[in-house]
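Residue numbering begins at 1 within each chain, and the chains themselves are lettered A, B and C in the order written.
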Amino acid sequence: MKYPPALSRLSFSWYSENAVATVIFAVLALLPAFLSGYVIYIVPQYLLYGVLAMSLALLWGVAGILSFGQAAFFALGAYAMGLAPHWTSSVDPFYLALLVSLLIGAVLAGVVGYFLFSAGVRDVYFVLVTLALSIMTEQITVSQSDITGGYNGMFIPRAQLSFGGVSLDLSADVPMYYTILPIVIGIYVLLRLVVASRFGKVLVGIRENEDRVLSLGFRTSLYKTAAFALSGAVAGLAGALYGTHASFVSPSLAGVLFSTQVVVWVAIGGRESLLGALLGAVGVAALSNYLTAITPEYWQLVVGIVFVIVIMAFRGGVAGALIRLGSRPPMEPERG
Amino acid sequence: MAELLRTEGLSKRFRGLVANDAIDFTLQEGEVRCVIGPNGAGKTTFISMVSGHLSPSSGRIVFRGRDVTHTSVPARAQMGIARKFQTPSVFDRLSVYANLELASFGKPASAAERERRIAEALELTRLVELRALPASALSHGQRQWLEVGMLLANRAELLLLDEPTAGMTAEETRATGELIRTLADTHRLSVIIIEHDIAFIRELKAPVTVLHLGRVLMTGPFEAVAQDERVRSVYLGKE
Amino acid sequence: MQTALSVLVDSMLITFVFALAALGLAIIFGLMGVINMGHGAMLTLGAYFTWFATTKGVPFVAAVLLAAAGVGLIGLLLEHFIIRHFYDRPFETLLLTWGFFLISTELIKIAFGTDLRTVTNPLPGAAHFGSFVLPAYQSVVALISLALIVGLGVMLYRTGLGIKIRALVQNAEVASLLGLNVARAYKLVFVAGSAAAGLAGALISPMLSVDPYIGNIFLVRSFFVVIVGGIGQVLGGTLVGSFLIGGSETFFALFSGQVVAQTIVFMLAILVLRFRPAGVLRAQ
């Protein structure tokens, strides 16, 4: 006898997340037709922050592993973009930098992750190590000033791409916009597929009850390592694109403050929803940018207070609260 | 019948305390065995060593002819040794179905085979109609069943059940007994059960091993054990 | 020979500064297992309170005591209104104490500005022994640090209150059955740890330029001191951890830059965390 897979109680949010994501990405795709200037310049940067936030949401929201070190991968990706022209004359450095940033993130996170997870280092201790990872990355980029420019940072020329005969000048805002947006959408879709896959379901199990997953025959340390490596790769890639977009990278991009900023975005947006994390980053970064001009002293204070309130009262962040508002009362058990 | 599990001189010492002292134990395929004993007899320590959650101080564990004494928890689970914890260990925020589905991923199988396993587990544990509910919404007894169902969906061959009827109503306890009999008789699963409920053990009509102070006091049919003088004195505290 | 001696003395002084900075965390995190990511912010607050009080003409010693009391009071408010509701949820505690750091840093910026502040060294002298120098203020701080650690050890192992607190750390349920008011004990320990952090920030302030992020330098280091020394080993653990972290940082800085030295020390601390999670003092 066979039953249709029963819908989980949260199923409503899955369908609504698809709808909301479609609408948002459609609006973003059409935006340059209606707006120009600063908005078109800055939105891709917020979206890349959003990708960084999704890399954390995969780790924290899905697998229950909090990292204070995502900025380290992001910064390394950006430095890869800046340094790539020195490495090659035959391959287009832009593509090389994207590849290298993915690999650096994946390998560094994979090695650190396996080293720690295989010994059962978890929770708070993992947070501390990732925090140290950020600090070390920041310090190394400061100290290796011959390569990185030290405190002063490094300028990165925007790339000129060519596909076959067509060339694309990324120094203009609109081509940059339409280069970054599809990548962001692609990463979002990819991560959604990962979460819905067997692998993603095992990660959710690890978040809920790691010992049970282990006792069912899964080597959880490998799953956690893979999740961290994927998260590092995504953060690294976002960093590389950020580097070319901002045309500048400095050690503070790896620092504790930026690293924890990511945690704040994801907590406020909603850690258990990739879209929530993405929009949390875009929303908080955009508001920060806007309000810092008006009231620089009080804006960060407000962010801190909102963060504390979210942690105390709304586990799911804004996305979680909306889902709860939108979902129906608990379903009656279905008749099978 | 072939031998499924054997322990030889299995011992566990915690600092000075000897929790298990040279336990020799064998279980045949398809056999149900109750392990009883007063508090502190070493029952949970014993099955924790069989499942791999504790490593023995000395002795050997052999499963299907292979020495698994130093095999990790997930590797033993892969071989078919599955553990139900004393307090139900399920995924509270996931639906009943998602709990079983996750368990079914534990070993490679086709989607159709997994579906069949999940459906069977839902059926046997009487959770078909509750499959969309989060596990946290189930009663305590239903959560115990769900955990047993997860072991089925996980394609376990040896079930280690640590007090599966704890906190159950009389009716639930009776149904649990039926479930275990069905698993052994029609699904050819082997089961080791730790229990306190004497009525439940009698109903199960399974051989009983009595542990006392970390040692095997005796093994035999329920009636023989119930009438044994040593067992009675252990339980009544007249040593 | 003299170089070796002066490195040793430098290492000892650094060790005691690190131990002092970590003491509050050793109490809150090491003893109670509460993850206080606001520890750095508490050091910063202690430093600013000292700076503020001394600029208003308060004598240095009084300013230090005021700073410790002030940060203790802030710890009391934090514990009472927020942290005590989350003792059983370590992740939330971690995030909420981080939120405390964010808020407190912004309030410091609003109240005191973002400029570097300096606190005048109250004991500018130094003792000269041949070519090496023993700065007076650092030496006094080292002695205070040692006295605080020993005093805390005596309190924990020799007094009734200390024995009760240790019982609480072992098993809260049993401690409450023995008639210990668990909620009050937790509050007391949190406030003591906060005040210790405030005191440390106050005493360290004349050695560094004070800025709103000064405590961050010590946040991760303090966690590593507590972890390397061994959770719950307040007396020996804090000293051993500080010696390993501070001493090796001084040592490696001889051969490389300060920055590289700190990176190496962090890596060593991570190795300890991986291979001896109970700390170097405890058998596995």
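As a working rule, contacts are C-beta pairs under 8 Å (C-beta built on N, C-alpha and C of every residue); 3 or more make two chains touch, one makes a residue touch a chain.
Owing to the predicted nature of the structure, the values given are computational and were not obtained by experimental measurement.
Asks: Report the chain ID whose CA centroid sits closest to the centroid of the full protein CA set.
Replies: If one averages C-alpha positions chain by chain, the most central is A.
Asks: Counting only C-alpha atoms to place each centre, which chain is farthest from chain A?
Replies: Farthest by centroid: B.
Asks: Taking each chain's centre as the mean of its CA atoms, how far is chain A from chain B in angstrom?
Replies: About 43 Å, centre to centre.
Asks: Quick check: how many Å separate the C-alpha centres of chain A and chain C?
Replies: 33
Asks: Centroid of chain B to centroid of chain C, CA atoms only: how many Å?
Replies: Each chain reduced to its C-alpha mean, chain B and chain C end up 48 Å apart.
Asks: Mind pulling up the chain C residues that touch chain A in the complex?
Replies: Result: residues 35, 82, 85, 90-92, 94-96, 98-100, 102-103, 105-107, 109-110, 213, 216, 220, 223-224, 227, 257, 259-260, 262-263, 266-267, 269-270, 273-275, 277 of chain C touch chain A.
Asks: Under the definition above, what is the set of chain B residues touching chain A in their complex?
Replies: On the chain B side, the touching residues are 51, 53, 72-75, 77-78, 82-83, 85, 89-98, 101-103, 105-107, 115-116, 118-119, 122-123, 128-134, 137, 150, 154.
Asks: Within their complex, state which residues of chain A touch chain C.
Replies: For chain A paired with chain C, touching residues are 66, 115-116, 119-121, 123-125, 127-129, 131-132, 135-136, 139-140, 142-143, 256-257, 260, 263-264, 267, 297-298, 300-301, 303-305, 307-308, 311-312.
Asks: Name, in rising order, each residue of chain A that touches chain B in their complex.
Replies: Touching chain B: residues 1-3, 5-9, 198, 201-202, 204-205, 208-209, 211-220, 330-331, 333-336 of chain A.
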